[in-house]
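Here's a structure for you.
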Amino acid sequence: MIETQEDFKAKVAEIQAQPWYKNPIGFGLARIDRGQLNTDKILQATFPVVNWGENFGSAAVFLDALNESGAAVDCTGSELVCDVNDKFTKIAMDTFAPYLDEAFGQAHKNVQVILELEGKDTAGYKMVFIFEDTKPQSVETAYLKLYALSTGKAELRKICLDGAFGILENVAWSGTLPIELDWLRENEVSLKMTGSYPVIDMVDKFPRFLSHIIPADNTRILDTSKVRMGAQLAAGTTVMPGASYINFNAGTLGPVMVEGRISSSAIVGSGSDVGGGASILGVLSGTDGNPISIGENTLLGANSTTGIPLGDACIVDGGVALFAGTKITISDDQIAKIQEANPEAKLSNSMRADALQGLNGVHFRQNSVTGQMQAFRSTREVKLNADLH
Amino acid sequence: MIETQEDFKAKVAEIQAQPWYKNPIGFGLARIDRGQLNTDKILQATFPVVNWGENFGSAAVFLDALNESGAAVDCTGSELVCDVNDKFTKIAMDTFAPYLDEAFGQAHKNVQVILELEGKDTAGYKMVFIFEDTKPQSVETAYLKLYALSTGKAELRKICLDGAFGILENVAWSGTLPIELDWLRENEVSLKMTGSYPVIDMVDKFPRFLSHIIPADNTRILDTSKVRMGAQLAAGTTVMPGASYINFNAGTLGPVMVEGRISSSAIVGSGSDVGGGASILGVLSGTDGNPISIGENTLLGANSTTGIPLGDACIVDGGVALFAGTKITISDDQIAKIQEANPEAKLSNSMRADALQGLNGVHFRQNSVTGQMQAFRSTREVKLNADLH
Amino acid sequence: MIETQEDFKAKVAEIQAQPWYKNPIGFGLARIDRGQLNTDKILQATFPVVNWGENFGSAAVFLDALNESGAAVDCTGSELVCDVNDKFTKIAMDTFAPYLDEAFGQAHKNVQVILELEGKDTAGYKMVFIFEDTKPQSVETAYLKLYALSTGKAELRKICLDGAFGILENVAWSGTLPIELDWLRENEVSLKMTGSYPVIDMVDKFPRFLSHIIPADNTRILDTSKVRMGAQLAAGTTVMPGASYINFNAGTLGPVMVEGRISSSAIVGSGSDVGGGASILGVLSGTDGNPISIGENTLLGANSTTGIPLGDACIVDGGVALFAGTKITISDDQIAKIQEANPEAKLSNSMRADALQGLNGVHFRQNSVTGQMQAFRSTREVKLNADLH
């Protein structure tokens, strides 16, 4: 009987000491949406609580309860997805006994999950564990990784999502409910004849960010379709509803005004502004696998296109298209000024744009008299790293 | 009594031989949404099954059943929209008798429609036929034509939609339900005071593609607002949620990545990529009535604008605006290379863009040193038509 | 006892003559949405009827009824927000007695409001008055001002909205229902475990235009997310779903095709066309506080960017970016032609774009051979003001 927090800790230590046990990178209980026709198909996994590099005590409780309730627990693979049953719930509840009374609000969320699970049909839930960050093998672990990114618990670009597109089902979404396209086909005549054809908001493999994630108090997303699950938005980010879009495994590191596109793998630093219709190219779209980071306090003007990484305090003028191979002309005095902000840079009067990548305080403009693409020292302040210089 | 498939075929042949009978181009039973205030106004027609140049046996059954049930059947006009009644349903059901047991799933969809109609209030349904492809005269036939396009049963640009804008009502859409604006006005005080004002998703004459059409398994539409009813999306097309949009009578002929705008009448070939914010102008917006086709494997860069038709394997660089009158400079060696991919083309060092329209393998760029708009042979492979050369 | 319209008028005159009374600029009864956790927080105010510079008789009735029913009525501040009670409803109803029978449809809307209020729990409603157009002090008056703009009762840019962002709560919107983010956090585990997590359409301080406003019969908004509450759309305006967006305190003065962005404070004149992805910069985004007006019959090409005010009949070519400091080259003959359309203009061969601001009939293009930004007399007709010339 586990009656005190000391009992609980002892029990966790005992589990963790067992030879079969391994701490997971991430884990959680998922509610599962299944195919309406093919109930073996998992269409969506919803995690009330996401654990990522944390709460190993709860992981131990869950793995032990699975073990004791008859599941085939194997921690040697990269991931583990298990059915749960009433015995699992009971064992976990018993182990969590010292915390049951305090599990509400923001406290003991994993315990809250078990309290909610009690009495429900366990067929709709799965325990999901990731032990090694390799290609996801299941819909459930693909979702857990998207959650890790979107909750900000994992860093952008630091999680392996290879093959996720192949694992996730392409489904019709009616609000938060995924519907098999085949089910719609089977029932189209009946649904349309009775006026009960569902409202379809999108057809995609990924759900939307706002269907799973609660943003920070000062984060604003003016249209849910604009942010895909797996995106990461730092507090204070605003996503406007015009031409904007943030793909999975892309996002912001601080307050950013987003009126343009942040493609998959692109990251934008604090205080920067992605202007209306501005495009940051992604690894899937034109950067030859070079993921683009935009520094802090940088401005991408309206309808500009950026295909190279930029440092802090840069400006890309509205309408300018900047690719790796764009030839940039720089005058001698501007070379000197840009050099001041970037002591290590090697600059010349005519450079490819990618030779300027990552530099701070560069202003990219098209000369309106000659049509030439030019670089200037921007009017924005660059803070040099005192340690380096 | 029609008891066998032979009986059915004989009955159909008998109907088709009658002097008043004519095979329709398209037909279907529509569920009708009427005005909430003015119930004579048809706000929407939903087709559980669309027949277009096919299933003439079912057409015969329906027209005969209308005739026998008292409707004024006239096949000499361009279209026919008829009320239905219980007698109609019974006669059609009797004629379809040999198929009633097999009418489920993907089989005998027109029979399924009649099975569903049985026992329902027939006031909510109409039989709709198009005999000649001229201007639609009714909301019902305008919808049938939009369905023909969006199901891919009719080719883009090959159906007459003239005057459709004048026929369709501008209404507020709450999900799949159209609501008269006047009804909202009449009931605004009461709806708002009781907290029951409906969620309005849009106000338009056309509904959305996904409210009526089930796309192919590998087609993705990340935001339902981006594709209007009447658009056509080939299997494998992906429509992203940023600046994209596909208007009616426009779309794709194969897998296409759509992150930009495909305006009315524009068509994009298989394997092409409409980059983030790229605009393909439409006949309603700047092409002087010249509908734009984009070939296969062509790339329209982010924030580019294309106002001329392009062939296969072309590239329009990000940010480039290409109109009929844009002057394009081509060097001698690039003329030779473009000529290789387009043996019949007549090229010179300075040409209007529209003189290059439809050519294959052309790369349109703005020189970043001189600001000049130039054409090069693209790096993409062009497959010459072996029959011609 | 008020039995006739004459009685009513006498009563109103009597109220208006009282020393404490003052006619409000705007007023209305609001239904209030409160925080789910913190019920002191006002999340949204919905006005069934908005009065702005009109219906002072109703204002008198409401203020008197508040006074008589025990509310602290003070007309000396810039605004007044009062709770209502059953006594308020009864007094207002008694005063409106001569109109009760005719209060339906478009007649006597303020009376309809009181009729609807009768029998309801008055805790969900507030009377809201604005006496002076200064910074809004409450959510209710901020909403009333947004309504005044969006109903077209107040002119764009003529209302003080300073500080409104600070007053409005950032909330999750599920259709028309605002939900506290903290409430979602408190209930996340339970909502997700039971499959009842709400569909979140956006997270913002402002609601959407179409959640509160019924547009004119010929106005079309193809995606509700594209128009923010506080925007103003003249009849006949069409907002397409691609890259378009109209912010609060921005909009159109006549039929306008909107496929681009109309930023906060920007105004577009009748007959103009904001092309696909075109950006009109706002005071919050790059115009140095210079609000941009676009005249009538002006065309902003696809993916163009406009950072200066433009007159009538102008053209900004697709892809062109026009900022205050852009250098514009004009040939002598074009100077003459532009001068004809703008007799007072002072023109030279090389000018900053902002020196051309507000002129009529100017066509801004980038020369495709030299890359130079040039101005021409547009092909569009300019109607000179007969009074001036």
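Before moving on, here are some points about what is shown:
Going in written order, the chains are labelled A, B and C, and every chain counts its residues from 1.
One rule holds for everything that comes next: a residue touches a chain if its C-beta (ideal position, glycine included) is under 8 Å from a C-beta of that chain, and two chains touch if they have at least 3 such contacts.
Note that the coordinates shown come from a computational prediction; the quantities given were computed from them, not determined experimentally.
Copies subunit A and subunit B of the same chain sequence form an interface built mainly from non-equivalent positions, shared numbers / all numbers used being under half. Chain copies subunit B and subunit C are related through a rotation whose angle, from the C-alpha fit, is 120° to the nearest 5. Distance from the subunit A centre to the subunit B centre is 35 Å, each centre being the mean of its Cα atoms. Looking at subunit C, one finds that residues 225, 242-243, 277, 303, 319-320, 366-367, 370-372 touch two or more other chains. Residue ranges of subunit A in contact with subunit B, taken from their complex: 170, 172, 181-182, 184-186, 188-190, 192-195, 197, 199-205, 225-226, 228, 242-245, 261, 263, 277, 279, 281, 285-286, 303-305, 307, 319-321, 323, 326-329, 350, 366-367, 370-373.
Residues 31, 46-49, 105-106, 109, 112-113, 116-117, 120, 124, 175-176, 210-211, 214-215, 217-225, 240-243, 259, 273, 275-277, 301-303, 317-320, 366-372 of subunit B are the ones touching subunit A in the complex.
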